[in-house]
Structure formats: C-alpha cells, structure tokens
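Letters are used for the chains, namely A, B and C, taken in the order the chains are written, and counting of residues starts over at 1 for each.
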Amino acid sequence: MGNANFAVEARQLSRDYVSSKRSYLIGKKTITVIKALDCIDFEIKDGELFGLLGPNGAGKTTTVKILCTLLEPTSGHAFVKGYDVVKDAAKVRKIVNMVAGGERMLYYRLTGRENLEYFAELYDVPKKEIASRVNSLLELVGLSERADDEVEKYSKGMKQRLQICRGLINDPEVLYLDEPTLGLDVNIAKDIRKFIREKIVNEQGKTVLLTTHYMYEAEELCDRVGFLNKGKLVAVGRSEELKRKMPSGFSMEVLVTRLTKEAIEGLRLLEPVKNVLTTAYEGETEDEKIDRLIINVDSERTAPEVLNYLSSMGCRVISVNIRGPTLEDLFMFYTEG
Amino acid sequence: MFWRIVAAEIKKNIKQFFFSVRTLFWTLALPLGNGLYLYFLYLPFAAGSVLLEFNASWYTLDLVGFTLIGQLLYTFFTMMLLSGNTFAREREQGTLESLLLSPANRVAVILGGALASAFNYLWFLLGILLSWVAFLGVKIIINDFLALFASIVLSYLSMVTLGMCLAAFFVHSRRGIMYATMLQEPVMFFSGLVFPLQAMPRALLSFSYVIPLTFGLLSFRLSLLGGAFLADVAVPLVVLALMTLIFLGLAAWLIGYVERNAKKKATLTQF
Amino acid sequence: MAPHSLRVLAATAKVNLIMTWRFFSWSGFALRFWAPLLTLSAAWVLYNQIFLGTTSPEFGTAVGASGYLSFIVIGNAFYVFVFAAAFVVGRVMFWERASGTIEATFMAPMNRLAYMAGVMTAAGINSTIDLIAVFLIGLLFGFQVTSFNVALFVAGLLLTTFALFGIGLMTNAITLSFRDRTNTANSLMLVFLVFSGIVCPVELMPSWAQMISKALPLTYGIRVIRASLLGIRVQDAFFDLAVLALLGVIFLSVGAVTLRLIERNLKRKALFTVF
C-alpha cells in the first residue's frame, strides 16, 4: 500500500517495451528492448497541478498510462491515493480519469450527449445525477448547443472540449491531462488552460497531472514540474527552485545571423558565459538564416562583452533580450545539456 | 512515376496483409472450409458427381472438385469485391487523407492494391490445388494446358479490374463494405457456384452473364475437371477478355468522378 | 449481478444498438432479407431443378417427414443468428481498438463481463431480427412448422446464446492476439458453421466430420431448434439441452478467464492501442 497522504506516487517505476522482428516471415528473430521508463520516483500532493515535461518519446504518456491502469510497469510501483495501480486497479479506476490530446477516446457515431451518458453509466454515476451533470459539463465547455450532434461532425476543438467533459464525468479525485491542447487554436488552448487552473484545480480542488511539451503552458499552470528525458526523471521541483539550480542566474536570448561553429565554440570559452544553447528561429530575413542563442551568464553586466565577441566573429546581432531563466531554458538544459 | 506508385502500393498491401505465417495458413483454410460447406450441401442427395451442360455437351465433374475448386475462384472473387475494404481501413486509420493529399495517380494506387492480390491468387492456386488434389483425391482431367492457363489468367484479370471499379466506388462511400457484402450472395447464386448453370431459371440467366465469375467458373471447371479443349471454352474466355477491357476503362473514369463527388459532399474522411 | 453491472450491460447494449442502426439504417435492414433469400433460392434450385425433389433414403431417416426445405430454412436461420451474435462479440475489442475508444472504455471501473454481455445483448437482438426474417422468407420456399414447442424453442435459443457468448469471449483473445484482423476469428466461426449440421444432418457427414460436430455446442443447439419446430427427434432434445448447457458453462468459464488474460496481456505488452 502506498502513502495515502500523496495523491499520486511512483516508486522506482520502470517500463520496457520489447519488440521482436522476424525477417522475411521465417528468418531469424531479433529482439529489441526499449527502456521507456527507468526507475522514476516522484509524488504529487492532493490538490497540486504537477507538470510532467519532456521531449517526444521521453516516457510521459507511458507514465500516464501506468497511472490510469492501462499499462503494467515492468518493475517498481505506482500508487493513487494509496492504492496500487496493478493490485488495486479496480479501486484506482473509480477515482481517476484521463483526457488525451488528439481525436481518440470518443464514439464518433454517438452524439456528444450520448457519449457522456454512456461513460456516466460505466463510471456508476448515480442515475438521478447523470442528466444534470452532463448538462452542466456541456455548458461549462460551451457545447450545449451541439450536444445532440454526432461527434464525427465536431471540429477538433469541440472534440477536445467533449473529451474534457468525459474526463470529468465521474468527478475524479485525480485527473490526468495528456497533452490536452495538442493541435488546438491559440484562443481555445488558452481557454482550456484557464479552465484547468481556475475550475478544475482552484475551485474543485482536484489533483492534476499534466503532460505537455509546450513550456509556456507548464510555466503558466504548474505548481511543480518534473523533467523526463529518455525515461529518466532528471529533475523535480517548483519551477523557481529548479531555475535557481541553473548554472547561472540570467539568460540572454540573442537572435543572430551568420553564426558559425567557431563563434559558438569561442563563446563557450568566454569567462562570463556558463552555458550556450542554440535553437532554430521560426522567422527568416530575406537573405539569411536566423539562429537563436540562449546564453546563460552570471550577470546582466556581462552582456556587452558577449555582444562584442559575436560582432568580432562576423555575426550580425538582430535582437537581445536579457531575462531570468524560463522553463524552456530549464527544459533544454536538462534534455540537451 | 505511374509504375513506381503501383509497385509501392503492391509492396504496402502485401506487407499489411501477409505479415504472419498464420495469415498464410488461414488464407488456405478459409476457402477449404467454405468449399466443404458447399460439398455438405450435396450430401442429402447422395451425389458423387455433378453433370454440367455447356454448348450442347455434357460433362461429368467430380463433386469434390466442383465444390472445392468453385470455392477457390469464388473466394478470390469476394476478395476483389471486398478490395474496397482496404480503403475503408485506410479511412479508419486516418491514412486515406494522406494518400489523397499526395499527387499519386489514383488509378495507379487502386491498380497496385488490386495487383497485390496476385500474390494471394498464386498462393491459392499452388497451395490449394496441390494440397486438395494430393490429399482429397480430387479427380482432375486436363486435356489442354493452354485452356487451363487462359482460364486462370483471364479469370484473374477480369476479377481484378472489376475489383478496381468497386474500390474506386467504395473508397468514398462509408457504406461501401456493406454494398460489397450485399453483392456476395447474388454472385454466389447467379454465377453457378452452388449448382450447374443449366438449372438456373431462364429468366434469370441474364444476371449470370454480367458476372465475370460465371465465365471464370465455367472455363476453370471445364478445363481442369472436364478435359475441355481451348475451342470448347473459347466463348467464356473471349467474354472474360472483353469484360477485362470494359472494367479497366470504367475504373479509370470512376476514380476521378467519385473523388470529385466526395469532395463536394465532404464525405472523404467520415467513417 | 450487481446493480452497476446491470447498468453497464444496459448502457452498452443501448449504445451498440444506436451505432448499428444509425450507421446501417434501412439499407442494412434490407441486407438481412437479401442474403437469406438468395441462399434459400440456391437450395431450392438444387432440390427441385437438379435433384427433382428427391433426397437420399439416409436423409429421410435422419429428418423424418419434415422435408428438405424446412430442414434447410431452419439451418439457414440458425446460421444467420449464430454468425451475427458470435461474430460481433468476437471482434468487439478489436473494433474498440481500431476506433481509438478502447482506452476510454477499459479505464472505466466496470465489470468487463457485464460490458461484453451488453454487446451480446445488442447482437442478440439484431440476430433475432435476422432469424425471424429468414423464417418469413422461408415461408416462400415451403417452410412449414409441423409442431411448435415454444418452451423447447426458447430454451434452445437461450442456451445457444449462452454458449455463443463464451465462444465470442474466447474469439476476442484470438482476434486481438494474432493481429491478423479477423481472419483467424472468421476461420474459427467457419469450423462451427460447417460442422454443426446447418445444411446436412450430422449423420450423413464423414466420420471424421462427425467427431468434430460432437464437440460443438451449435450442433446440439440446432438439433433442439429443429426438434422444437419440426418435431424431429424430440426424445433426444432434453439430452441435447443438457449437453448445450454444459458446453455453455465450459465455454463461458474459459471465455471469462480468457477475457481477463487478454486485458492483462494488453497491459503487459502495451498493445491497447496497437492496431
């Protein structure tokens, strides 16, 4: 039995995926083992909104599936409200639910209302409460007018909102949100985030585990975050605490053109510079490719030295922004070094 | 470019269909089972052979051969009927959109899907003929190998091109698989699969003559079990060849027309 | 059955019926008449045109005075009932996985057997409509009920459904485990249908086929139905009912265990969404 003081607990949780392949139907069989989760440990307190961050393939969805009893761990344990997700799966299912990004987990040939009524039955929602609960959930997400249309006629955003209703139909104590705003319009995603924070966590006091690779989303919503990289939990804690652990206190975000490898190597060797990360920038000038540098420095006062160096290496600086480290910086630090 | 797409479709379909040894086994077992069902249909009458009349001649065909070999061809025919189902599956998986988004020639895509079945057809022929003839003692009488070869090839081509027409239609219809299933029973009845065609009421024979399987069954049974020569089965063979050409032309036209229609009605991705 | 399980059963039956009828509607309904009409027509042509209305003496001994066409109509009706019911249950998890709803459904705290029973109930309702359709069409071909024993008919149908449910549960395991879509499941259904005496009495089959028949619950089910409608070997019907019940218990027990094992297997091998 786990610790009932925590809403969710993972203890040395591991999960391997084994795949076998035979060449030409009757040839030699090769077996590949992928370690999707490697002995991860974390806890989530009651009423907390915990973000599990990581690049694609880090193990976020695997973690969520184990916690909602759809997947068995290879080793280790996971508990929800003290119940083991494997041994007490039936008890766990009563108190959790999951909302996944994408367009699955709904019956397309049923209407929105029929979907919710059906899942209400599966979750043993008291019969006399079903109609009012379904109506209030639909109203909450703004789907009342389209409730009696078949789901296949819904837009992506509408399906996602209906998914949220499905995820709340049993009034779960713990809600898993697996990339809930994936592929949605900016304004709809913003509304959903607001809904998660204000209604689900603040008002209803639910515990939420959110997985996302939108850093601004985690920055906006999460009380605490955990970074997963290649199956390992590389950092857990409040954003502010983790930022303080960064090699330096400030980040310079510099957009440059004509960046060379030599310039980056030389920049790393400068004394005030603690770390340099490069990413692509989504815009381009008419003639040249723009690179984005995230340079961790001790102090804002070292900025001129850095900029002078870049100019001396032939780079053209387009813009500079000095700020404290963000979650994105943390993400890149922990996943790319 | 056209043949590259055909080749890519063939490779994709074969890989999706034949990904396990179990599939190969059940591909043989299914027509065997259906054939036995047909054979058992004759047991209440204690018949050991079937008399088939064609072109004013009578042929005595071994009952086991009549039912099992007939089932072989019928199974392939239903595969062609249901070949549109591969597109229904593409729709379910969400890959139909990506297929139609590409500049790939649609005729090439559908032809590739249909030709992938050649692998199944060969498997049937070799596997079933050898095993059934060897183990069940089906009495075969072949007097003209050219007649048999022509029957096999033309039956295949006519059914494949019909399958292309149906695939073109079904890819944009959610009810495609249902319509295809509805066609299976009439084909079974009108083609002479269950009973020799001379027993068909005259008024209904015209339905029989529009089904390529009717002529395929005739020529195949006569050349394999009845010792028929090329001249004896010339008429059904010529009909099969003509049907092939007609279906091919129809498929090419249908593919473009149906897609345009589906885009107007926004039914491309509903499933 | 616990109240929640009954709710799950009812709700699942309801949504399955909605989805079947909303998609297929009237054209699907027409299909139910179309297929048996042609199958019975083929049998009629065979009997009247090829064999001129005579059957072998052995057939006469096996079925008595009821006649070939009545024998075939009942066999056909039973075929349609069995195929629809077992086939639907046998591939429900496959279909849920293909539609992407399996996770949402199996994450719910519901009794899995109750859920499957709901699917079976919906399939059973649809198959009963098919069964009645075939009997009605059979009237066109000279089908005659010579002695209707209601209790025996209902008992036979219910116990067959019970056995089919177990078979459907086991077929789920095969359909999901083998990833060859429904080929393996279809082939197994074929075994049941070829050897259960649908189109000819078991006594006329080769001895190796008779051995297979004796292990199949449907063999006994169809004998009971024929006894209840045609008065054929009514004295053996009670023995057949007992065997049917026993086989039903065995198949259902194995099926229930298989269902648990499938789910465990899916969770262990992360196959809930692999399709």
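Everything below uses one rule, namely that a contact is a pair of C-beta atoms (placed from the backbone, for glycine too) under 8 Å apart; a residue touches a chain by one contact, two chains touch by 3 or more.
Predicted model only: the values in this text are computed from it and were never measured.
> Between A-C and B-C, which chain pair is linked by the larger number of C-beta contacts?
B-C
> Find the most central chain, measuring centrality by the gap between its CA centroid and the centroid of all protein CA atoms shown.
C
> Distance-wise, how many Å sit between the C-alpha centres of subunit A and subunit B, to the nearest whole number?
Here the centre of subunit B sits 51 Å away from the centre of subunit A.
> From the mean C-alpha coordinate of subunit A to that of subunit C, what's the distance rounded to whole Å?
Chain centroid spacing, subunit A to subunit C, equals 47 Å.
> Please tell me the distance, in whole Å, between the geometric centres of subunit B and subunit C computed from their C-alpha atoms.
So the centre of subunit B lies 27 Å away from the centre of subunit C.
> Using the touch definition from the top, which residues of subunit C touch two or more other chains?
23, 99
> Quick one: which residues in subunit B touch 2 or more of the other chains?
Expected reply: 20.
> Counting only residues that touch at least two other chains, what does the list for subunit A look like?
Within subunit A, residues 108 contact more than one other chain.
> Could you pull out which subunit A residues touch subunit C in their complex?
15, 17-18, 62, 65, 68-72, 90, 93-94, 96-98, 100, 103-110, 114, 117-119, 121-124, 127, 150, 166
> Note which residues of subunit C are touching subunit B in the complex, please.
Of all residues in subunit C, those touching subunit B are 23-24, 27-28, 31, 34-35, 37-39, 41-43, 45-46, 49-51, 54-56, 58-59, 68, 71, 98-99, 178-180, 183-184, 186-187, 190-191, 193-194, 198-201, 204-205, 275.
> In the complex, go through subunit B and note every residue touching subunit C.
19-20, 22-23, 26-27, 29-30, 33-34, 36-37, 40-47, 92-93, 174-175, 178, 181-182, 184-186, 188-189, 194-196, 199-201
> Using the touch definition from the top, list the residues of subunit C that touch subunit A in their complex.
4, 7-8, 10-12, 14-15, 18-19, 22-23, 99-101, 103-110, 115, 264, 267-270, 272
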